[in-house]
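Chain naming follows the written order as A, B, C, D, E and F, and within any one chain the residues start at number 1.
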Amino acid sequence: MSENIKKFLYVNRKAPYGTIYALESLEVVLIGAAFDQDVSLAFLDDGVFQLTKGQDTKEIGIKNFSPTFRALGDYEVTKLFVEQESLDERGLTADDLQEIVWEDEDDDYAEKPSIRIISRAEMADVMADQDVVLSF
Amino acid sequence: MGTLHTVNKSPFATGALLSCIAHAKDGDTVLMIEDGVYGASTGTTVSDALAARSGAISLCVLGPDFAARGLDTARMLDGITSVDYSGFVELAAKSDRTQAWL
Amino acid sequence: MKFGIVISEGPYTHQASDTAYNFAKSALEAGHEIPRVFFYHDGVNVGTRLSIPPQDERNIQQQWTALAKDHDVDLVICIAAAQRRGLLDENEATRQGKDANNIAEGFRISGLGQLIEMGIQTDRLMTFGD
Amino acid sequence: MKFGIVISEGPYTHQASDTAYNFAKSALEAGHEIPRVFFYHDGVNVGTRLSIPPQDERNIQQQWTALAKDHDVDLVICIAAAQRRGLLDENEATRQGKDANNIAEGFRISGLGQLIEMGIQTDRLMTFGD
Amino acid sequence: MSENIKKFLYVNRKAPYGTIYALESLEVVLIGAAFDQDVSLAFLDDGVFQLTKGQDTKEIGIKNFSPTFRALGDYEVTKLFVEQESLDERGLTADDLQEIVWEDEDDDYAEKPSIRIISRAEMADVMADQDVVLSF
Amino acid sequence: MGTLHTVNKSPFATGALLSCIAHAKDGDTVLMIEDGVYGASTGTTVSDALAARSGAISLCVLGPDFAARGLDTARMLDGITSVDYSGFVELAAKSDRTQAWL
């Protein structure tokens, strides 16, 4: 069985709303969750902007899809790697991001954070540890 | 009233904002729209470059786009004016010409 | 004041057509005129009637069709850009031997001269693109 | 070796579909297999049969249709991306109450699961986009 | 008559072939020439790459449109402003660009260069001297 | 054989090439395609950054794209290998995975 499980990495390097890539990336992640692969998401460069909290798109007339990230835990998508250097360059800290959690059923359904802030070097390691890399 | 320049790209993704402020004349207005609004925050790799031109050129940000992206108004660079779509129209109307930095 | 508007990117993929729409609406509310909107590059794809966005999202083509109807805006799709990208009206489809067309109500297909003319006849030209 | 290919940008506007085509042709000539090409984002627009490029330019849709026919490549257009952008087959058009469709020969519309499946079943995934 | 003449500037900031903007910009210039306006073209940032000589697109399967720039003189489009700093940043010199000339009928049809290499400050002046700026 | 990274954007327009070489591991291959080939020349604002990683990572350029853009082979950075589409296929086949820096 495990031979059929591949490591999938979704790489997000673009900001939301200005272009549709962030939204359509998330749509792939949601569909892909049904395939029981080993899924990770990477947020680096402008991709880190996808996770900011307090997004309010009412006045631009485009649907706010950022709440969907908080539902990823229900789809067993629990590894969201965010690059520290990308945050730094953009004047952001971890506190500027949404809180995203998942319930660990092996640990009495304890809520655990999905966002893991890692260094650029660690991001390179995550990328080098995949079978399939999908870029958006 | 000079030129109204619009920039719709993140300054961390493309060079449009930096090229724009390098070409804008004193007295011009630069309006950051869409992903361009990411240029309006303090503490980033481009905020010094923007601050250096602030005053000589009038820096504005499209508020609806800023809000959409969950950015913190408290951390907007000093001297940047936030406008809504009506304000965008007014800026265009009172400028001599407009130039989009695509 | 007369504003001319150029839209250079397709709907949904880029925010350009949304920003242009919000700008146009505000300009008209403020009493300005928008005699024409010119769709160029991938912007021509705004004018397809075959688009079916999710029900909880805006329908960009319908927004423009309604705005044009209410305020008599001339929505012009560049013919050269449209042919490359497969945006046709009935005449073009017939002329080119294609068995279908996809242009939406309120849009028309014409030449690049309409863009230059818009630049000449309006007071300000706004470009929304990528 | 099996290659899966993702095309994320529309024809003519971006070089992505051209580079993907040249890659695919070379891979097939070298004896590799390309079981599927998945068209996502604006890439879905490669699959319109209404495109009329200038006569001295390549016809990108026809290149893919021919390649698929000669080498049994499955050309899959993402349904969600296609609906937003107005790319329909006959079934979709009927189901959605649209009076026309524009899909080209050799392409089919299906779900995003086909992309994941391609990632699982091929040895290398190539993405061509913007 | 001259009241009806506007100054049009076509701003080219993108490289050719990777995207279609350069080609479709040129198509506007050719059509626009019929309108007898005061036309200038600006090439800055990656737009300077549009003018390189020796473009050979045979292997990528896309039509080489760079010869069309040499026909602009016949359309009375004679002012092609190219930014020196943009060339420098890209490791280019004027010698890397095509020779583009126009015939001055007021000067016994003498061939004169259409490309004028100017500084960034001069480019800013050119931009500030227009009625209509079209960006590609 | 590590990862084959592809970069299709001009390094003077977007940050993709610099981000790619900052994330590529020693032993990986970076192939510049489409407008990415502009990164392969000497004497530019990015050539030092590229030269610094050359050797640790294998730098390649898609020859058909380089020729299309009229670039001068004589001024290609030392250590860059030019491949055609067949060579591109071979690079992908012998790598463990591919990653596109869009």
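In the analysis below, a residue touches a chain if its C-beta (ideal position, glycine included) is under 8 Å from a C-beta of that chain, and two chains touch if they have at least 3 such contacts.
It should be emphasised that the depicted structure is a prediction, and the values quoted were computed from it without experimental measurement.
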Lowest number of touching-chain links that must be crossed from subunit D to subunit E: 1
Label of the chain whose CA centroid is most distant from the centroid of subunit D: B
Dominant interface by contact count, named by its two chains: C-D
Distance-maximising chain from subunit A - centres being C-alpha averages: E
Subunit E and subunit F: spacing of chain centres that average the CA atoms, whole Å: 29
Where subunit A and subunit E are represented by their mean Cα positions, the distance between them in whole Å: 43
Between subunit A and subunit C, centroid-to-centroid distance (C-alpha), Å: 35
Subunit C, residues touching no fewer than two other chains: 8, 12-13, 15, 19, 22, 41, 57, 80, 125, 127, 129-130
Multi-chain contact sites of subunit B, meaning residues that touch two or more partners: 8, 12-13, 15, 34-35, 64-65, 84-85, 97-98, 100, 102
Shared-contact residues (touching 2 or more other chains) in subunit A: 14, 17-21, 45, 60, 62, 132-133, 135-136
Complete list of chain pairs which touch one another: A-B, A-C, A-D, A-F, B-C, B-E, B-F, C-D, C-E, D-E, D-F, E-F
Sites on subunit C touched by subunit A in the complex: 12-15, 18-19, 21-22, 56-58, 130
Of subunit F, residues touching subunit E in the complex: 8-10, 12-13, 34-35, 38, 41-45, 47, 63-65, 67-72, 75, 84-85
Of subunit B, residues touching subunit F in the complex: 12-15
Residue ranges of subunit A touching subunit C (in the complex, touch as defined): 17-20, 60-63
Residues of subunit E touching subunit B in the complex: 11, 13-14, 21, 44-45, 120, 123-125, 127-128, 130-133, 135-136
